[in-house]
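In the part that follows, the structures are each spelled out as structure tokens.
Next come two complexes built around chain A: one with chain B, the other with chain C.
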Partner chain A sequence: MSIDTPTVNATALDPTSAGAARRDILHRLLMTLGPILAALVIAGCILLAVGVDPLAYYGYVLEKGLFSPLGIQQTLTRMAPLLFLAAGLIVAFRAGTWNLGGDGQFLLGAVTAAASAPVFVQLMPAWLALIGSFLIAAVVAMIWSLVPALLRAYQGVNEIITTLMMTFLGTSLANVLVKLVFRDPGTTVPQTRTLPVEDRLPRLFDTTITSGLLLGLAAIIIVHLVMTRTAFGLKLRIVGANPRAAIHAGLGVPGLTIAVFAISAGLAGLAGAVDIIGVQGNVRADWNPAYGLAVIPAVFLARMNGFAAIGFVFLLSVLSIGGESAARRLGVPNHFTLVLVSIVLIVLALAEYVDHRYNQSRKA
Partner chain B sequence: MTGLFSEVFLSALMFGAVTAAIPLLLAGLGEQMSEKAGVLNIGIEGMMLAGAYLGFVGAFYSGSLWLGFLTGAAGGVAVALIMALLCVRIGLNQIVIGIALTLGLEGLTALLHHFQFSRSYPRLPAADATVIPLLSDIPVIGPAFFKHHLIVYLALALVFGMGYLYRHTQLGLNLQAAGDKPAALDVAGIDVIKTRTIAVLTTGALAGLGGAYLANVGAGLFIPFISNGAGFLGIVLAMLARGRPVWVLFGALLFGVCLSLTTAMQVAGINIPTDVIQMLPFLAVMIMLVLFGRRASLPAALGIPYERGTR
Partner chain C sequence: MGSLSSLPDADKRDIVVLEGVTKRFPGIVANDSIDLSIRPGEVHVLLGENGAGKSTLIGMLSGVLQPDEGRILVDGKLTQITSPRHALALGIGTVFQHMMLVPALTVAENLLLGGPWWQRPRTEELEARVAEITRSLGITVKLHAKVSELSLGEQQQVEILRAMVRNSRLLILDESTSMLTPKGIDELGTLMRRLVEQGLAIVFITHKLKEAAAFGDRISVLKLGRKVGEIPSERFRALGEQEIISEIVELMFGKQKDDPEAVECPIRTICVEAAPLLQVADLAVAPTDNAPGLSSISFDIRPGEILGIAGIDGNGQKQLAEALAGQRVATGGSVRLEGTAIEMLSVGERRQRGLRYLTDDRLGEGTVATFPVSINFFLKQVGAAPFWRNGFEQRAEIDKRAAQLVREYDVRTPSLKTPVGRLSGGNIQKVLLARELAEGAKVVIFNKPTYGLDLANTLASRQRIRDTAARGLAILLISTDLEELLSMCDRIAVIANGALVGTVENVDDVRTKVGRLMIGLAA
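And now, the complex of A and B:
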């Protein structure tokens, strides 16, 4: 199973004038915003069908997700874990590995961080404690991905299935850990011990935005640069484009495959840690935001480009924060956000296809 | 503990295993056909949910289970139609569209359920069983295997029907070729797109039927996210079965036993958190994959959209 490698944008390579470049960016923007608008109209029809005013719904989404000061801060805070997840997926997808186990890795990372951080802060200085929790969360998530990695590297077992199964297992295991092992004896609701607010990741300036956002941005940009600008990244992309050719080129494909799983899962574990240490403070039993599955198509639509992925993650955050608020106010179940995200994804994919076809026919 | 292994308990356990296995069997058989034809159908979870919801709606308002199965299958086909259009006809990425469809249907069915049933949570009456004479009088095995709804026996018959289809018919061979070497099929004068579309739509019908069974017979009601990974388990079964319908049946029964054991342990009040028990079937898959994963062979052109004239 190979992923068609992102075709190098032909217009970007042409020695074009500034005007053409601006037109290209404008075109890209149009090709993104147009489909999103179309998707909003389609989703609006569904809202109409169940008797909810779509304009009111979208109004609340925008108001809460984008325009209210508190809302936009929540949106930016929500981006932190999503960016880490997207970074992990970019590595995996560029290397031709479908790591669909992000949610399990995320939750185990989160539980590990939630369990370790309150203990670490009592033993060592706060900054060291946080770094320690981040590391251990990444390592646990890496270990969780080891079985699919080994099966893929040495037995050729399709990773889509193994990672999906591991994600179901991981979700349950995270619950078991919260309920049985790391349970805070001081509360009646099963949850881990709460990390005091002053020990969490600092907030940016005078806002409620977590500094995890900066970590997330750094992670995704570093990943993007490593994948596009370094020899290691090139090796991974060769493995992704054509594993057989990679073997002939003398690359150690099994080792690289395991490395891809480790990096991808490690970043997913960090996503869990950044959500806990930065925002939540503890893990409640049965907590599963299921970010992973929503980030996958977003990363793909960004053509595995780190910078484009930042944009899509922002969109996803606006929809999810705004959607939660709108759902509460209008008595629509929160599940509508899933519908909206799914329609946006499908219409965007369609628009990209149409655009691609149009370009081809113009060239021909 | 003696009560745990009484005759009644054992037959209830096996009865539950068959009931749990049927949706997996239908999903697995459906996915198998898609995969054979070269389409990795991750949207099958969404198709099952569409089938479960529409199947329940059909059965609830008409009072007829059979009509419910029909609407369920139609729901699955409707979702499959989108998948066929986007992934087969115009060749969008199958995994992206599959995940998007699953997410969308999870949301949509939960949304519709909220506005329609969430206040009353209506239930269907227990499904009529077709009792097979003589065989159902055998102790333990009789009540476990021969007192099911007629659709169970039809699903079992379908296993052999599928086996015949793949081995002895033109369509079966076409499907196989569409997954292994679509260009060769095209050269032979057979429309690859059409062959794959047939496969995807059949998958939708079977997954929808599986979903409808899950809601109407298995649970007797629709709840959001009712499929709970059954579609994904179907994908695993199809991959492990190496293109043979009978192996899908064996796998589905094995999982059915796991799932039924899960319920039985909860009922028996064994003091383990439900999460531990819920891990059992997935743990079983992983063990199976570790043991037999190497043998899970997949069609060569799986997941690759076919476009005439490209290499």
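And now, the complex of A and C:
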């Protein structure tokens, strides 16, 4: 699945390659949308098997997640933290680093933002306070990623294991912080102090959509451009694609590795902050939406392309908002959304495999 | 040469005969029309350096690979060995270079692996069989010990035992001594002798001359995919160890009459008074787990001069190149470029000053296979003007220069966007040549520049290196191909065990001198 999309478009030496490029895009589109349709059919069969009308299910998902005014606003609001997380994963995956600790970094960012924002707004202008909270959230998440980063950079310890372990510790630590350190004395439920609605990120126009959506879109587009158009991004991609070539070319691999972790974790921390400062206003104890893991498939489906990731994050948002409602109305477990997403992934992987075999046999 | 061996007459006694077997991989002919006969009661040594085609040959015998041309006869019958399982059924057992036992299981469990899944493992039967075999071979094997608790030598005995339990008639030992202690090697030698006495055939692969002479009954020498000679058993018995070694050296490094690569070394005039461009003094590198270190390496290279480094592969050549390029930490010594010390500088700074290193590992570290050709030209200049400005990629500049390099160095690529990994070995090498030789090069280190290339690309690469020297650059040419060094170098230094054991001017009898230095004799 980790096909590196050649993002550098050099002028072709021969004129036929313009047509080839168009065919290539068409082929890629077909290879993405075809499996998704197939997955919807398979998931539909599962729904049939458990006695639910798939058309009704998909209908509710679309109605609630996409077509109702309230639903689409919820969907777009949900996208804000997901886009930040996706941006962080794009940096990490393109650099060949498996940062699977997004949830821990997200929650620690959320808790620090929730703890700092209500204090800051009393001390300084609201805009400065929000920027301050964002920065603190990012820095705390970066510090949290330092252990896996140093182990990876200097000892070669597999970051899949370390980031996953750190994510368990991170979620627990976030909980402890909410219950013991940042607990709002004014409420009986353990939660942090609530940021007043007027101090949160402004909403867009007359809707309930958070302006965090724009920040998320900016983040993922900037990340995409940095990774594909700049020298820094290319260095990260070289480290990801062939670490030995990076050493041979004289790149400082340990430093770049640490930078990747810092950026990826920082963006996850910002995701937490944007969800708190934009939408939730506080962190309740035991709150863990597990966005970090849900975003991974979306980033993969997008082949680490920022613009495609926006599309898939939107799809994920529609599915999760619409899925919650459809699940309530039809008595399907809420987690069916995850089943659907995983079927899409499996079918996509199969399609890729078949396509690869087909290409091989055509060459031979 | 070649007069030593007659074509193997399809003797009835032969277990396996290869006739004109050829195997090609993209860009490389790994085995070129190889004839081989394997007889019971003989240790048949396959000798050759890394990349000579030994592993490919073994792959075809053990059913992992299929030949592109030629025939394999088993017991005189034309046979296609379709899979490792089929090879086992034919009685061909292979002990691979890397241990293939499950460390968490006991020896007995390992031996029972591969039986039919619906049957209960027949432990008693196995024990009886193992007892019988080990008694006749004079070895002891702890059946109930875990494999992870055994030494490497014991593990190897288990692997051999496994082949015996499966009734192998032909045992292939692939670089079996590479992981063993000297004592383990002697024990393996004794074991092999007992096995052939029982009528087994053994194919023993090695690149060490001493072992070949000590353990073999018959030696076939492979070089760059071709079989360059054979010492048959009758002759083998008649010769002493030293004579055998010198004969092998002649086969491995000797001149071949019909060698199209042989070119008379053109006379270049090197200004002897000119100050050396590269001066290396007492360079040392610490050894690592799998690589020898370097000790007190010293040499000078003047402008326009080509200094060759000869030696059997794995004697520190790569370490030398990497230490000079700055990729590997040197523990001592000095490296001067145009008189300025550079040993403390980074890879990038050394390159900036004109030191270039053309790696032998083209896909492993030289290029990023999935990246387009155009970007691979500039892998070592990421961020530098005019291709990047303020950190932003200047596509037009990159493409313009890349197109220029493609033309200049005759890189055959469908487009600049093509992932470099899709090109043939020769064209990838051209990309590397373009990258290292373009503007500002003063000293160039070539590590095995023609390794794995076809003849046309080999000749083109060599010409490119000669032209580079003619422009007044200093060249360090590391190669395991003596012909190549003889046809290109002004002087040849020989490396053995991480030290330079001698340097000779490239005149008249240099071939024998270098050959003797390579196997540890004084020139």
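Convention: the second predicted complex is superposed on the first by the 318 of 364 C-alpha atoms of A that agree within 3 Å, B and C clash if a C-alpha of one lies under 4 Å from a C-alpha of the other, contacts with A are read in each partner's own complex, and residues count from 1 in each chain.
We take it that a residue touches a chain if its C-beta (ideal position, glycine included) is under 8 Å from a C-beta of that chain, and two chains touch if they have at least 3 such contacts.
A quick note: this is a predicted structure, and the numbers were derived from the prediction, not measured.
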Ask   = Does chain B (first) or chain C (second) touch A:Ala241, or do both, or does neither?
value = second
Message = On the A-aligned overlay, A:Leu135 touches which partner chain: chain B = first, chain C = second, or both, or neither?
response = neither
Query = With both structures placed on chain A, which of the two partners, chain B or chain C, ends up touching more residues of chain A?
reply = B
Task = Quick one: classify A:Ile343 as touching chain B (first), chain C (second), both or neither.
result = first
Message = Between chain B and chain C, whom does A:Phe168 touch in the aligned arrangement: first, second, both, or neither?
response = first
Task = Please work out whether A:Leu180 is in contact with chain B alone, chain C alone, both, or neither, and reply first, second, both or neither.
result = first
Remark   = The shared contact residues of chain A with chain B and chain C are none
Key: Of all residues in chain A, those that touch chain B in their complex   = 1-2, 46, 50-51, 98, 100, 147, 151, 155-158, 160-162, 164-166, 168-169, 172-173, 175-176, 179-180, 293-294, 296-297, 300-301, 332-333, 335-343, 345-346, 349-350, 353
Request  = Spell out the part of chain B that touches chain A in their complex, as residue ranges.
outcome  = 40, 42, 82, 86, 90-93, 95-97, 99-108, 110-112, 114-115, 224, 229, 232, 235-236, 239, 273, 275-276, 278-279, 282-283, 285-286, 289-290, 293-294, 296, 298, 302-304
Query = What part of chain C is in contact with chain A in the complex they form?
reply = 326-327, 346-348, 351, 357, 359, 361, 364-375, 379-380, 382-383, 388, 391-393, 395, 398-399, 402-403, 406, 413-417, 419
Note = Within the complex, chain C is touched by chain A residues 4, 6, 8-14, 17, 229-232, 234-235, 237-238, 241-242, 244-245, 247-251
